[in-house]
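Below, each structure is written out as structure tokens.
Two complexes are shown next, each including chain A; its partner changes from chain B in the first to chain C in the second.
Let's look at the complex of A and B:
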């Protein structure tokens, strides 16, 4: 029984950490309708920035914020390339993704793996240090869930502000934004900044949990984030009281749960990628088969 | 209203989980102390093995680990249960696998290659589960042991430091007139960067100059190899670079079309068409690691006090077919070198 609880805890930990990224990607992919590939580069960016900062003795919570800002800056670059230089969305994402490789290596000083074992992280300092006994086992879950939920709530609030409303219309109805005297391009840049900021934040939390940053950790992040967004929004779209941002976090948890269950059932890891594709397909297809498609997202 | 409901759901979810926390909390502290005292014959030990990527040398490590464990009396399915997982070259997978193994309270986690070792270390360090690694070139730099003699962490294993000096001496013997050794390496692989630095210090002693080209991914191996050949090197030497070794055929194609031999870093590469190598026997390395793991399982030693095993035995290996195709003769001092044939 302990093992089952432990496995559920692992799923939730991973689900919440990647959920932070999924919430960000939800903004770019669903709200703005932009497939943003730069997350493959901004995820390790967050991790590398965090590793460098923590090694330099910076407070881990500050490291989280700085990682978000760095990710947001990279997102702005994607946005500027797309909006100002009129490069297609896919290509501008790819450009930032590949350039991040070099940026990350520059941050880590050329090494592919940076470890900071034993240093203070958000899971060991401040409030987390107060946790004693059994609660210690749960600290990773508690704090990753905390960060994830805070990010979600802040985004929910933002989407209700005037700027947030403009952001939502920039994806679905750019003409409306123009008619209000605003530039949909600027809204896209803001959206990409938020999306990549969240992704870098997820990278930062993951690095603090593993106490090391790996420059290659970004591989497959786009797919993982899209899977979480699609599974979440499609499966919970009928459930009215669940907001899309919440649904996306559930999607991330469900996705990780599928992987862990498959591994527990003895599926060789060689087939994980295939399983990923199958889950993805099921999520996409169920959406169409459920019939009554609501035009508007339940934002 | 919706917002409030969603917050409540989230809070309930967390509270629900926290409520369960009292149960598993007691267990991780209680179990590990009990294990070493029990006789190995009566208990089935659960061992998790994480291999970082599908790779011939790493596969050999795993074969060796099983041999070593069997030699010490631990047979899979009889008195131990091995859960073998391959992370497919992704750190996200390695982390998840390691976490699950730690959660399942395995008696021992074994890790093949540096990223797997780091994941295992990170997952097991609070839980008192010993980690035994292999094929980690620099465990101190990776942060998983404090020193090679006395790890100080609950983590020990074996290290595969390349015999670069022997390798350069061998290249000199095979190619008495060569002056330039070409190196193709991946800039993001820490082992390769360290090895490059070392070989640059050794090469002048044998009258060689090192010409290196760094690549960042598999797509650049072919063009990197071609530009290396174009720079007029007399031969190419390989490290344990995962990316280059996985794309060895691209490197060999470029080298062959330029008419220059490639020296490998272990036997598998020689079988696949490299001329020769001072090779580490990864099966033997794995076996040694398996024996170390067995000692920990039997309670004879603690991981934190067991020195890291450094590979000592290198054997020269050469490929007869390749030797003939370059019209070279086997140097007298390598007459006893093991001859292998191209794997076809």
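Let's look at the complex of A and C:
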């Protein structure tokens, strides 16, 4: 029984951590209709920045914020490449994804893995330090859920502001944004900054949970985030009172659950990325059958 | 309808406009060689012309979605030739042929109106929909007689083409405009919606005394509405009537003119 509870806790922990990224990718993929591949590079960016900061003795909550800002800056670069230099959305993402590899290495000082065992993280300092006994095993879940829900609520609020409404128009009908006297390109850059900021934030939370940053941790993040977005928004599209951002977090948890179940059934770890791709493909195809916005092609 | 005071004769002006598409290639099309057009303030100008006559390009040049090779475009004393499309939008309103272009389908009617209401001001982190304005939005929607005032929380994507176009027109004219551009805005609608939208157009234009440029394929509308009518052909103005001459015009006169032109072309 303890094993099952442990597994469920593990699924929820990872579901919420990757949920932070999925909520960000929801903004770029669903709201703006932009498939953003730079996520694969900005996720480890968040992790590496956090590792460097925490080793330097920075408060872990500050490290979270700085990771968000760094991710947002990288997202701006993707946006500028796409909007100002008119490079296609996919290629702009790939360019930033590739360049992040060097940026991350520069941050970590050339090592692929940076550890900070025993240092203070959001899971061990402040309030988390007060948790005693049995509650300590739940601290990762409690704090990753907290960060995820705060990010979701802030984004929900943002999407209701004037700027947020304009961002949604930039995805739904760029011409309408022009009619209102604004450049839809600017809104795309803002959206990409938010999406990659959230992704780096997720990378930061994951690094703090693992107490180490791995520059290879980004591989497959695009697939994971898009799968979470598509599974979440499709499963709950009929349920009106569930907001899309909430649905996306459920999608992330569900996706993690699928992976864990497959592992428990005896799938070797080496096949994990293959399984991720297969689940994503299934999600995409069912999405297409149910009718999606990008009708002619998937992603 | 000619009782307007033409105090500012060249309120909207296009001067010495040149435009060639695909220059230097086999597909080169020389459309405008020296195009000039002046629209006085508060005038409602209807533009007709066959396909390829340059009507849409003329609108695109004014709105900034197509750049002229040379020439000058002015609105209300400002030279706007170098401004980008979204910068020109601050004082030009445009209603498109495609009803889905004038609103955002994912947003509700209310959110669309709130966005348009904010035009000209910064789009910051304030609340998107100002609750105090909802009654005003409802009263504007009542003008349409389409019952939309009871559906303000529905996404625009659930409306019909005619409803969307009426809403687009309303949204477009919510903030003060120097020039309203109607780009075949009834062409995609069924006859009844088309009539409703055209009547609404007339009402809004008169109510706000808008300087209006309407491109249409509907000769009846071109004659029935507006103070002046011009016909374009191959990048030139071949007919320009206003006042009594325009009132005396019949659909047949226009079709005759169309035929005359096509005979000149050897068709």
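Details
By our rule, the second predicted complex is superposed on the first by the 273 of 299 C-alpha atoms of A that agree within 3 Å, B and C clash if a C-alpha of one lies under 4 Å from a C-alpha of the other, contacts with A are read in each partner's own complex, and residues count from 1 in each chain.
By definition in this document, contacts are C-beta pairs under 8 Å (C-beta built on N, C-alpha and C of every residue); 3 or more make two chains touch, one makes a residue touch a chain.
Because the structure is a prediction, the values reported are computed rather than measured.
In the superposed pair of complexes, A:210 makes contact with chain B only, with no contact to chain C. Of the two partner chains placed around the shared chain by superposition, chain B is the only one that A:156 touches, whereas chain C remains out of contact.
Touch criterion met: A:183 reaches chain C, while chain B stays clear of it. Between chain B and chain C, B contacts the larger number of chain A residues. In the superposition on chain A, A:172 contacts chain C only, with no contact to chain B. In the superposition on chain A, A:164 makes contact with chain C only, not with chain B. In the superposed model, A:88 lies in contact with neither chain B nor chain C.
Of the two partner chains placed by superposition, only chain B is touched by A:134; chain C is not. Across the superposed pair, chain B and chain C touch chain A at no common residue. Chain A contributes residues 1-3, 5-10, 12-14, 101, 105, 110-113, 115-117, 133-138, 141-142, 145, 149, 153, 156, 210-212, 214-217, 219-220, 224, 240-243, 246, 256, 259-260, 263-264, 268-270, 272-273 to its touches with chain B in the complex. The touching residues of chain A, when paired with chain C in their complex, are 158, 160-166, 168-169, 171-173, 175-184.
Of all the residues in chain C, the ones that touch chain A in their complex are 84-87, 89-90, 93-94, 96, 100-107, 111, 114-116, 118-120, 122-129, 172. Chain contact summary for the complex, chain B toward chain A: residues 2-3, 5-7, 9-10, 14, 17-18, 20-28, 54, 85-88, 90-93, 95-97, 99-100, 103-105, 114-115, 118-119, 121-122, 125-126, 142-144, 187-190, 193, 216.
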